[in-house]
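Next up, some structures in structure tokens.
Below, chain A partners chain B and then partners chain C, in two separate complexes.
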Partner chain A sequence: MALDQLIIALPKGRILEEARPLLDAVGIHPESAFDDDGSRQLQFATNLEHVSIIRVRSFDVATFVAFGAAQIGIAGNDVLMEFDYPEIYAPLDLGIGGCRLCLAQSKELGETFDVSRLSHVRVATKYPETTSRYFEAQGIQAECVKLNGAMELAPKLGLTPRIVDLVSSGRTLKENGLVEVATISDVSSRLVVNRTALKVRSEEIGDWIEKFRRAVDAQAA
Partner chain B sequence: MALDQLIIALPKGRILEEARPLLDAVGIHPESAFDDDGSRQLQFATNLEHVSIIRVRSFDVATFVAFGAAQIGIAGNDVLMEFDYPEIYAPLDLGIGGCRLCLAQSKELGETFDVSRLSHVRVATKYPETTSRYFEAQGIQAECVKLNGAMELAPKLGLTPRIVDLVSSGRTLKENGLVEVATISDVSSRLVVNRTALKVRSEEIGDWIEKFRRAVDAQAA
Partner chain C sequence: MSETASPTLLPEGLRDVLPSDAAAEAALVEMLASSFNANGYDRVSPPLVEFESTLLAGMGAATADRIFRMVDPVSQRTLGLRADVTAQIARLASTRLHKAPRPLRLMYAGQVLRVKGHQLRPDRQFTQVGFELIGPDTVAADAEAIIVAAQAVAGIGIKDITVDLALPPLVPALLETAGLNGDEIELLYAALNHKDASEIRKLGGGQSELLCALVEASGPLNVARESLAKVDLPAAAAKHLKTLLAVADTVKAETPELALTIDLVENRGLQYHTGVTFFLFAKGSTREIGRGGRYTVSHGDDVSEPATGATLFMDAVLAVAPKVSVRPCVYTPYGTARDAIRNIQDDGFRVRASLSKDADMLAEARILGCSKMLKDGEVVDVPNER
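And now, the complex of A and B:
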């Protein structure tokens, strides 16, 4: 029986709201407790007996799917880049959760980041792996201070002069006296699947990928 | 002027509520926006012109204090153990935020954890460093899967049979079919200070430590 269960991992918060119409469109309707943000419940039944949903943090979606504890999930490519799990296959851009991963710095450092002038940077970020790789490719050594939130405080309080963070409107950056100087990557949410699950249950999971693809196409039309 | 500013880093959430009476007792009264949980504001003025508060995630409190971006903070010894920052001095147990860091496992694995029978364990946890050290001391190699939350799902979905997590009442464990089999550490919140700041501003920061000590003693009386 355990083999037949299909677990879908979805990220808490803003992305989840944007993903709800897609879930509806593919015919997955979670039990009502799912829409109660304050609930301590972690796993939710759906209208489909063998399909359930777990609601976890965005980084954990990737981990659950990579280890095969969930077969399908929704994760931003920011998270996928950071972990770089070979076990995750991301066949479909869902066209939701759009933002960008940016390098920003104190206004005092100017409006541009001149790579030719630096050999070393200190950066606060939730994405130390991606950040290190980004700078390494430019011949710069990055010393990353890992923060889980409130990145904008780092330059303000002298922790690091620069940050790498997700930016949507850019308002929070401005409010904190920061200037966006480079885009590391555009970000959007992807449908992700566990590669082994896709091999072993190819028809069933392939079917879900197709359903999501049609839902995305219909939304874009 | 920047030198005179005192930044106090406080953790979001439950601990903050418990810390409020202590803040009151030492004479620090944050601006009203501080009590608005939904606010995107990150730094808050107080009744004392040179004292401001940042409200960040519990793990980030330790990071801001360790790097001297905040001089004082409140952090659980779970966080302090995990980072083991030499730059943090934790002079005072505040007697709040009480819970314990536990090893728990699926009911199916039994009610006890027999160290003599295992040489290797797989554990999901937010505390990979502490967990590895704990098992290493017993001659067991721990393979840790880092999760940021919803740890209880790991055994349920076959990610790992065991978890190391903070436990308060134990209700969540029970609800998820898990049994607590070992206490790794009792946990409570500590007043933490940056060692360099304490050296450079010994009188001022020493004063705050004393004020907090008296507030804790008064609460305990």
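And now, the complex of A and C:
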């Protein structure tokens, strides 16, 4: 019996590099164009006839998987938190893509974030939902200015005094005169699967989760 | 609001259903309804609008954030538009039909309206077709609900149906002893809904190992049964699980063609469920096509009655159901006798009658989408245009 198409959504960039060995370990070998950064191809065949890979932006991985356009994907919990898609399961922490989602502010505002007198903040971020929720929980209304990159410029140019962004070493922050004042969440990449796909193709998708689990355990060992 | 808004624009989540789609939906609703009916479920039809206080009484409270409200100019009381039908059937069972013999089997088909769509269901208005089985709290009743729902879906030609079984009371029971506060529990439920093992381990307190084991034990019935045998559950939880497995075995024995999966940490949108619940999935669908399960009908004064049931979401069903063929239409000349038209209709055709004396029959039949026409007293095919 021919197997149904299985689409795996992977994020471009740094996480992909770290995820690459895992793909090999679970026995998925993409065609050569996949490792060619110059390639404009969007979908890639693999050594398995029914499995193909799409390479998209990290936020779009969650969207493709949530709507069932891809059955499996790799996404950071930063993205999962932001969308909070009910149709995504994240059964496995892959232990890659480690960083943290942080609140940072310009040095002039001081080294700490004092919430006691604030009723409102302006924040530049790629994560407006997560940011609003974080501040709401502290009784502060957040006015989020959505940016897609170069968040560090916002305080410098007077767009917003604070930013919420992913931080790994913290060097970019420092170079732009910013201080990290709070960690909103630790971030790592998860194997994500579509809920309906997991129910309807239970054994097949369950097998893939197991394979990834073994690959992650082997890497950790 | 601007008065120059486009006349075609409808409010978000609402839409016009046009010919062929509307016919298909009506036909499928009727097929599903007659399948429930054939299993002894009697049709009832509660109103679209009730007093808010009765609509939200008992289990209806779970729909409080979903209903549209308005003020009744007559009684000056707040009215609510139903967002779900089950609570209305429960109200019937506890009021007008409380003396009706049990088991009480009722079914319904009707539209619901919700204040908000969600990602996978942007529609705010859609049709629900469902049934309720009120009275018995037995494995046989739980199994009947699943089988009746799945058979109706299979009956309209949907293939590869998976039934995912869940136990909403299980996790709350385990969390009672986990020593977590309200916020922590909320975060934990979010993690459980996403099956996020690493978050569950972090947030699960004293029960994190057990919860992770339950997440891993989710899957196809046989695999889950094996893994669950190794999990050491508290007595109350173990009893729930025993019922669930008994229900699964009954369903499997009676309808071996159904694929069964188990998911013990599922608790999405099941606020009123008290026992075995289930979701119906079909291959090709991006979301569940129906759900159901055990709940309690409140009769007031601490008296309550067990019940179960299921509801199918027609928007999701339509997306995966095979196309319903529309009966061919015969174009008849102006002035065709009513008796002649009735004869054609009795033969299973639809009839579109020409309303003008000097029509070009062939051209009009084509324009009006009739595949047949009445010519010299005979129904003939409309030839394809060259």
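Throughout what follows, the second predicted complex is superposed on the first by the 218 of 221 C-alpha atoms of A that agree within 3 Å, B and C clash if a C-alpha of one lies under 4 Å from a C-alpha of the other, contacts with A are read in each partner's own complex, and residues count from 1 in each chain.
In this section, a contact is a pair of C-beta atoms (placed from the backbone, for glycine too) under 8 Å apart; a residue touches a chain by one contact, two chains touch by 3 or more.
Quantities reported herein were computed from a predicted structural model and do not represent experimental measurements.
Undergrad: Regarding the shared-chain residue A:67, is it in contact with chain B (first), chain C (second), both, or neither?
TA: After superposition on chain A, A:67 lies in contact with both partners, chain B and chain C.
Undergrad: A:57 contacts which: chain B (first), chain C (second), both, neither?
TA: first
Undergrad: Based on the superposed arrangement, let me know which partner A:90 touches: chain B (first), chain C (second), both, or neither?
TA: A:90 sits against chain C, while chain B stays out of touch.
Undergrad: Considering only touches as defined above, state whether A:150 meets chain B (first), chain C (second), both or neither.
TA: In the superposition, A:150 touches chain B alone.
Undergrad: Looking at A:190 after the superposition, I want to know if it touches chain B, chain C, both of them or none. Which is it: first, second, both, neither?
TA: second
Undergrad: Check whether A:158 is in contact with chain B, with chain C, with both or with neither, and answer first, second, both or neither.
TA: It touches chain B, and chain C stays clear.
Undergrad: If I apply the document's touch criterion, which positions on chain A are contacted by chain B in one structure and by chain C in the other?
TA: 67-68
Undergrad: What does chain A use to touch chain C in their complex?
TA: These residues of chain A touch chain C: 4, 66-68, 77, 80, 84-93, 188, 190, 194-196, 199-200, 202-203, 206.
Undergrad: For chain C, which residues are in contact with chain A within the complex?
TA: Contact set of chain C toward chain A: 118-120, 160, 162, 164, 190, 193-199, 215, 219-220, 223, 259, 261, 263, 268, 279, 281-283, 285-288.
Undergrad: For the complex, which residues does chain B have touching chain A?
TA: Going by the criterion above, the answer is residues 2, 7, 40, 42-43, 54-57, 59-60, 63-64, 67-70, 145-150, 152-154, 156-159, 172, 176.
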